[in-house]
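Remarks on the structure that follows.
Each chain gets a letter, A, B and C, in the order it is written, and its residues are counted from 1.
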Amino acid sequence: MRTVMTVLRKDLLLELRGFETLPAMILFAIVTFVIFHFGLNRDTIDGQLAAGVLTVTLLFAAMLGINRLFVAEREQGGFDAFLLAPVDRSALLVAKATALFLFLVVLEVIAVPAFGLLLLGPSLGHALPGLIAVLALGDVALAVIGTLVSAIAVQTRARDLIGPIIGLPLLLPALIGMARGAGPLLAAHGSSSPPGRWVAILALYDVVFALLSYAVFDFLLED
Amino acid sequence: MTTYGRGLRGLSLAAAATITVALALVFFYAPLDTDQGFIQKIFYIHVPLAITALCGFVFGGVLGAMYLRTGDRKWDIRSYVAIHMALIFGVGTLLTGTIWAKASWGHWWVWSDPTLTSFLIVMLLFATYQPLRFSIEDPERQSRYASVFAVVAGAFVPLNFIAVRAAQQYVHPRVLTLTGGNLPGSMRLTFLVSLVGIALLYTTLWKYEMAAKSTRMQVRALRRALLGEDSVVPLKRSAAPS
Amino acid sequence: MLRNVSLQVPAGSTLAVLGRNGAGKSTLLRILATLLRPHAGEVLVFGEALPRRGFAVRGRLGLLAHDPLLYRDLSGRENLSYHARLHGVAPDRIEQLLDAVGMRERADEPVRLLSRGLVQRLAVCRTVLHAPSLLLLDEPLANLDPAATELVGPLIGRRSGATRVLTSHDPQAALAEADVVLGLEDGRTAFVTTPDKVDAAAVKRLYA
């Protein structure tokens, strides 16, 4: 646990210093909303369409973060530094996934209101708690799979490519869950609680892949 | 190293025989479907291919887990062969699936069909298996990472089907339900024979490829031992474990 | 690739590994550091078999190699703080070491702004932060000026008291410090002796 906090602190500190990844993710999301406005030729969207647009945008913004997750480790000897320490190696997975999760939360804190402002028809108010729940579960999936895939990709030659092409199909069930879970919430006279079925699927996905990733991560770090 | 050649002839004959019987049943025994006509019979190939491919992927995941557990390269080779065979059977599934879709619903691709969609997603995922292997040069790391992938992707298969099925009302004829199937007797028999035949085909091909790879490895090891390091030409970088 | 390298190093002594680039010196060090897995043979560090018991020895060894293992955007102090936490070392040890290498004033600057020599000093601090009893030093004095070399002496030199495995581009300097000498050629053992019995011609051949 102490190890997780140490690595997490280091990563947050690095991001604060460099301050590249998070602003890029946020900017990307907002620009994407603008593109959707023009691409769909609509002033407002609602319901399932809105949920789809939001999910896709968050996904691709997340990809930016995922691609960069282990770059510092790879280029500045961070893997060796960690591997030389007498610590539990899966802590690296937990720390990185937590960092990615936090990035996604910050991203959403800015991007979701921006979405509400720029594209969404109905007001966000009543849908917010349900939306937060759905997004939070989705973020866990993105964080876990993103970290796993990033760790795999960073050791390959085609680094930036391998990550997304493995990650995207793996994430599809979670993305379906996010989009379908958020759909009814963003509808014109939508409900304020997300459909239980999708919350269940997201939760199941999160649990299965979190456990699986934790189990296999060690094998990725050995040399 | 185990010899995969043992029993191979018997297995091949069994596979060939079962498939011949299955084809005979398909053409002469199974009833003609009133709605879809003759083209419906492609189902007897399509569904067994699909089931075999999916089982192959999961099997590949199990083999990958064995590699991670033991570190013995033979598990990685088995896993590799299982997955790439399953990919081939999967391509067959998608092809027969689109033919069937066009014939029965008039479109080459139908989104409203969860089974086809799930299957596509699984194929998209496993299509990355070989590029992943190819992009890692160190053979030990390649095996390790490929096994991690196989395990995660293998676990993904059932989860994916659950998710996609929940998402869509189905147009795809629901052939095998949890209650055991709603096929009339003659169709059921044909289907089962076909399924067994395709499964045998998969197993036979798997064994063939394993035998070929295993033999090559043994020959190389013998050459290395008898004639020294230099007599063995290093293999080109490849996606396959060697 | 290393083949058939076989020797024992008693505690507290220094092993010098000589050889050209590519002879396998760095590989040997990485295996001892538990970063690389040996494919065959037995590696015992502190009596523990690697790679299986790697976790038992990691905390007791320090590796100083070509990569300083420092994050360029963080300061020296922050880097050392990170490593200290990972190893469970108290913070005042950081200050102690920074003083010892004369880095106190510049410890808060990001590493990317420091010269190679200063970075190497920080790397030395990182290596000995957790007071390891085995030091694996891959050309430790590279980039260090004579003054700095003096400063790091007590930390990673013979005076440190640790068991040391060191490589150097300069065979004479390495021999001066060694108790045992291993010569590597293309991954194989060329010779294993004590410094007084080293054949000058053999050394020359190694580097030829």
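One rule holds for everything that comes next: a contact is a pair of C-beta atoms (placed from the backbone, for glycine too) under 8 Å apart; a residue touches a chain by one contact, two chains touch by 3 or more.
Computed from a prediction, not measured in an experiment: that's the story for all the values here.
Separation of chain B from chain C in touch steps, taking the shortest path, is 2.
When each chain is reduced to the average of its Cα atoms, C sits farthest from chain B. Mean C-alpha position of chain B lies 50 Å from that of chain C.
For the pair chain A and chain B, the distance between mean C-alpha positions equals 32 Å. Computed centre separation for the pair chain A/chain C is 40 angstrom, with centres defined by C-alpha atoms.
Across the assembly, chain C contributes 37 as residues in contact with two or more other chains.
For chain B, residues touching at least two other chains: there are none. Among the residues of chain A, those touching two or more other chains are numbered 222-223. Within the complex formed with chain A, the chain B residues making contact are 68, 121-122, 124-125, 128, 131-132, 135-137, 141, 144-145, 147-149, 151-153, 155-156, 159-160, 162-164, 166-167. Residues of chain C touching chain A in their complex: 30, 33-37, 51, 55, 58-59, 61, 63, 67-74, 78, 82-83, 85-88, 110, 126. Note for the complex: chain A touches chain C at residues 2-3, 6-7, 9-10, 13-14, 17-18, 72, 76-78, 80-87, 222-223. Within the complex formed with chain B, the chain A residues making contact are 148, 152, 155-158, 162, 165-166, 168-170, 172-173, 176-177, 180, 197-198, 201, 204-205, 208-209, 212-213, 216, 219-220, 222-223.
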